[in-house]
Amino acid sequence: MEKLIDKQRVVQYMDGRLLRNNVLKFLFFLATLFGLIVLVVLLYRIFTQAIGWLNVDFLNNFPSRRPENAGIKAGLVGSLWLMVIVAPVSLILGVGTAIYLEEYAKKSRFTDFIQTNISNLAGVPSIVFGLLGLTIFVRELNLGRSILAAGLTMSLLVLPVIVVAAQEAIRAVPNQLREASYGMGATKWQTIYRIVLPAAIPGILTGSILALSRAIGETAPLVVLGIPTFLAYLPQGILDTFTVMPMQIYNWTSRPQADFQNVAAAGIVVLLVVLIFMNSIAIFIRNKFQKRY
Amino acid sequence: FTTACGGNSAEQGGENGGEQLSGNVVVDGSSTVYPIVEAAAEAYAGEQPDVKVSVGLSGTGGGFEKFTKGETDFSNASRPIKDAEKEAAEKNGIQFEELQIAFDGLSILVNKDNDWVDYLTVDELKKIFASGAVNGDDKVKWSDIRPEWPNEEIKLFSPGHDSGTFDYFDEVILDGQPLNKTAQLSEDDNVLVQGIAGDKNALGYFGFAYYIENKDKLRAVPIDNGNGPVEPTHETIQSGEYAPLSRPVFTYVSVKSLKEKAQVYDFAKFLLENGAEFAEEVGYVALPQEKYDEQLKKIEGLKQQ
Amino acid sequence: MELTVVKERKNKQAEERSEKNVVYRTKNLNLWYGEHHALKNIDLDIYENEVTAIIGPSGCGKSTYIKTLNRMIELVPNVRTSGEITYRGRNIFDKSYRVEELRTQVGMVFQKPNPFPKSIYDNVAYGPRIHGIRDKKILDEIVERSLRGAAIWDEVKDRLHTNAYGLSGGQQQRLCIARCLAIEPDVILMDEPTSALDPISTLKVEELVQELKKNYSIIIVTHNMQQAARISDKTAFFLNGEVVEYNDTDKLFSNPDDKRTEDYITGRFG
Amino acid sequence: MAMTDGNRSYSVRKMIKENKKKQNGQQFIEWLMPKLLLLTATISVLTTIGILFTLLFETFIFFERVSIVEFLTSKEWLPWDEKTGSFGIAPLVTGTLLTTAIAMLVAIPIGLASAIYLSEYASEKARKVLKPILEVLAGIPTIVYGFFALTFVTPLLQKVIPNLGIFNALSPGIVMGIMIIPMVASLSEDAMSSVPNSIREGALGLGSTKLEVALKVVLPAATSGIVASFMLAISRAVGETMIVAVAGGSSPVLTFDVTKSIQTLTAYIVQVTTGDAGYGTTVYYSIYAVGMTLFVFTLAMNLLAQYISRRFREEY
Amino acid sequence: MELTVVKERKNKQAEERSEKNVVYRTKNLNLWYGEHHALKNIDLDIYENEVTAIIGPSGCGKSTYIKTLNRMIELVPNVRTSGEITYRGRNIFDKSYRVEELRTQVGMVFQKPNPFPKSIYDNVAYGPRIHGIRDKKILDEIVERSLRGAAIWDEVKDRLHTNAYGLSGGQQQRLCIARCLAIEPDVILMDEPTSALDPISTLKVEELVQELKKNYSIIIVTHNMQQAARISDKTAFFLNGEVVEYNDTDKLFSNPDDKRTEDYITGRFG
């Protein structure tokens, strides 16, 4: 058989290919590094400011007019309370929606509509969700400026991100696994619950971490809801008023006294620690389950 | 209606000497006034640990929106209430009382390296900050103001249009004329500090408290309102000498809350009794003492009605 | 000689069997993937306690047919069928027929091994569990028995709780067979179950199939004509979506009725 | 054989049959779940209706005062003076587009490059360490990024671009891009990881370099997930508020000059909601019209995105 | 009788061949997956223009060995090797040996079909394209020839631009073979390439292998001992990670040196 491929050329060409591979690999690595370097710079700036202000008192004090007395307690506890609502509500709604769209819904105009609607919601700015929450939860449903009202608002805000991530994760589960399960006489829900969801968990978690991180760092919609910044007491239940860390931080950064900038940095550090803690839990679960099929 | 916010105090009645109160006090509104009320709330928590005071910072406008719907007890404001807001309150049957709690002085600032500006007159300020006062494209040079000053463009910094600070500056300096279009705007006074500190040709204005805290980075320009240049200081602001750039800041209290909730009245009283101290502590200037006393009487009267 | 006699007796018996021994009856089945007419007028009766082999060249519709028998085909979008398939007298396309019930009774082993991304144990225990069996001791017993049945017990008994994806292709496929055996189905559909197995394992599975047929009916798609000849009682030869010939295995291989069958089994076309 | 041995104490088949009779619960769940899930899916629709309900009413009042023609065609956004004001949305839209475009120029190449590195080049261990660290970037409150842009990035950029204003579109755009990198990287990496390894092996077996595997096989196979991550990123950039509010200034000027101070749609809304504007003023109602604009804006973009994503979806 | 003579002559020739006809020389190769010792002291020479078959029970290390030959094994984390493999005289584990170059010359067909999620045409054209061939006409020719070579041209010629995932398992595997042929490798590694094919396609591939060996060297893993006997010149029998016997195919199947080989090929264990 006459050869259509010139071996000599292939070998010559290979130098270029390998060079391209190495150059781009290096570039890709630099790109990854870039994010890390920015992170280091940012963290360095924050930590050098926060050092000396981070102590037990800071965790134990309520906000104060005096920088040395100001503490994050109300915000920290409030942010955790907020997560108590946002995490389950947004996960249940988000994953539920994703399952419906990927596993149950027939491709129809209606599902197309829901799909478009979700990606559209992902783009609606957080501040508009604030307006929504104020109108619907705070006023119409009479929930007031409570953890519940704010939690529901934030859940709707992060819902689209979770839905999209969960959909991608569910879609990536190979069909042959579903077939195997159906073949055992499993019902649809059994298949989803026992096969599809466990296999999709890593992807769902990745999206959810990002979404919940966003919820915990978000300020604007809470400002619109009218969540107070100063509180000298802790909420006792989901219908109480509360405040969150980013609002504290936001307030501190806008104060004239230079020391409040350091207090803000200390607040950021606490917020980051909470975030990293949340991430670690999710990463632990993710790494435990991640498979390549 | 506002189940979570509107407190329902157990205690009713006039006197509250050493009495322990409980219930909620909901304060919202101006970010300018926030530090003063925060200070009061913090100190109040020591006196009345069972009263839950919350203070928000939705801005003067945002605060009034809630206040006129009856959702808050106090609404902090860096300007007096507007007619539209009054109407809204009336429509919802909300009666209120205006309380002045401190002075804020608008400081005019230049960069530390600026060694030529000794003072500015009110007219000069207007010439610089009003649009089109010097030429069509709003670019103003120092030499346009006084020929001996450098032939370089002035970089203007101003709080955004939606702040109480701008509102006041607009009223007393610009007199209704639009702001110079080249002005750099920010809602955040700390951001303006950064801007002015970073540019030799900068000129800007913001709240007195921010000047006090950044004295090492910026220089305040004395203002001549016809009686010679006056520098902004506690004394000149309190005495009214530093004119026209000092203004009072307010909180509005709901009369209904004042009457029905002992803790609201008690907090208002606490605020007025200690307002001078808190204002100074967070960088504002206290009103003359008789002003506080006068207002204390007024709310006592309202409560008794 | 003796063998032939046995076989003949068997054939007799088969004919004597009454209707009730038919497990699956396919009548005039047609199937389309969108526009593509993949199965054409299929008529086929499958008998109890027999091994029915389906042979034919690649793309002739073997997998499609076998997937229709437990309605797995419904998972493919845009599939249309006409005609009728009755399983033990009931039309499987009936609205009232619950597909899960059908699939519990009709197990399936696929062409490509498809273990779940779970431990070996959990793979096998999956079926019993979804059908409500929770007792740890019974599960243990089912798992061991099924794995033995699929001739893989010895290889995996020390790592039952490691992930099934660590197994080789052949091991994975045997695991899938074990998984299917765990719910003791009535009929077992096998789509080239041994195509990824070595001869020894294949032999074991073949023996297993012979063993199972005492209690179960087995339908097996295979490329390996020797395998079909060795283990099946009946063979259907598919070509381009049609059943060209369906007959007792020894008849079909020794003396096919159809010219095309003969050409195929003697390797003359494909 | 084991399956039929006599000493066996039970029959799985029988047990299943018996359980079947009891399993009305299972059937109920089977009936219930799709309905429950449909309900959850409907929440998102209700949210949209809620937003429309919130926005429409006030937007309507706004357009009673300001003509829609002026809103769409005027080049000036000067809402503060009731009498002489002008309400042309264009400056806010260009401000938004400008910062979003800059953010995407940063986030998409760097994010995608990181995703490729993590998914195709990095060892399992490195990926497990790097990815979560990157995700921390996404969790830093945006106000922190705002000050980072103002006090670090802007002065840095001013060294290169001397006429860069203290407030400008460039610096917040870049920082916003940095904030969004992890979102692009993480979601794209997920999409790429879910491409089966057997496909990679096929390509490597033909003598492909890792680069060729990544660009010619994995990327095309993961297109739909990657496009989805881009769209989320764009949405995030359009909706981001605090960074642009702090470092972009608040000057609604119709410009494409990245060195100039700008204002975005979102920054305007925050400015008004946290500010001084009286309830019932035209300014107050304008934020709803601006919100509505954002809503329509993202809707249009998403329809486009869906079209793209649908064209590239692969099955494997 | 004649056949035996031919074979004998062939064996002679093989012995007469000098060193330079060795394509692959494996010396004392060991391989571990983490702690699991999967290949043990492998010594094996593979000759030019021959078909070398590798047989053995499931899990014995056949796939592992063949993947080591083009260093595909490196993709598995925690794999360690010791020993040496030379390809045409160069140690493939050498730092200076570019793995891409090796794999361009050593094509591979996998156990499970793994087409790219692209069109049929793009699947086949992938290899030539990455090597810089852009000319549409040449590509068309390569695609057609490779598809014909893999005995799938007639089935797909009308839908070259549809997605490869629409093909049946067998068709997909033949497509993968075509994809491999498209870059005209020197050696072709095949890991049970016909396990998903019907006999006709299998026959065609077998014929193809015979055809290709004129120009190429082929190493084929197979479960099908008949296949090994039919098409290969040499056969290696693996067991538990060791080479039990490596010999001329007819020798190994007719008169194995090792008892275990005999037991295996006569189906006595597994």
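Going in written order, the chains are labelled A, B, C, D and E, and every chain counts its residues from 1.
As a convention for this text, contacts are C-beta pairs under 8 Å (C-beta built on N, C-alpha and C of every residue); 3 or more make two chains touch, one makes a residue touch a chain.
No experiment lies behind these values; they were computed from the predicted model shown.
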Checklist entry - Counting one step per pair of touching chains, how few steps separate chain B from chain E? => result 2
Next on the checklist: Show me the overlap between the contact partners of chain A and those of chain D.
Outcome noted: B, C, E
Next on the checklist: Once every inter-chain C-beta contact is counted, which two chains account for the most?
Outcome noted: A-D
Checklist outcome for this item: Whole-angstrom distance, CA centroid of chain C to CA centroid of chain D, is 48
Next on the checklist: Can you compute the centre-to-centre distance for chain B and chain C, using the mean CA position of each chain? Integer Å is fine.
Outcome noted: 83
Checklist entry - From the C-alpha centre of chain B to that of chain D, how far is it in Å? => result 37
Checklist entry - Which chain A residues sit where two or more other chains touch them? => result 17-18, 174, 187, 190, 223-224, 253, 293
Checklist outcome for this item: Touching two or more other chains in chain E are residues 100-101, 104, 112, 130-131, 183
Checklist outcome for this item: Multi-chain touching residues of chain B, meaning two or more other chains, are 31, 57-58, 62, 188
Item to check | Those chain pairs that satisfy the touch definition | outcome: A-B, A-C, A-D, A-E, B-D, C-D, C-E, D-E
Next on the checklist: For the complex, give me every residue of chain A touching chain E.
Outcome noted: 1, 3-5, 7, 9-11, 13-14, 17-18
Item to check | Touching residues (chain side chain A, partner chain C) in the complex | outcome: 107, 174-187, 190, 194-195, 198-199, 291, 293
Checklist outcome for this item: Within the complex, chain D is touched by chain B residues 30-31, 57-62, 64-65, 68, 78-79, 82, 84-85, 87-88, 160-164, 166-167, 178, 181, 183-188, 191, 194-195, 198-199
Checklist entry - Hey, which residues of chain C end up touching chain A in the complex? => result 70, 72, 75, 77, 99-105, 107-108, 110, 112, 114-118, 126-127, 129-131, 163, 165, 176, 179-180, 183
Next on the checklist: Could you list, by residue number, the parts of chain A that touch chain B in their complex?
Outcome noted: 62-66, 142-146, 223-224, 226-233, 239-241, 243, 251, 253-258, 261
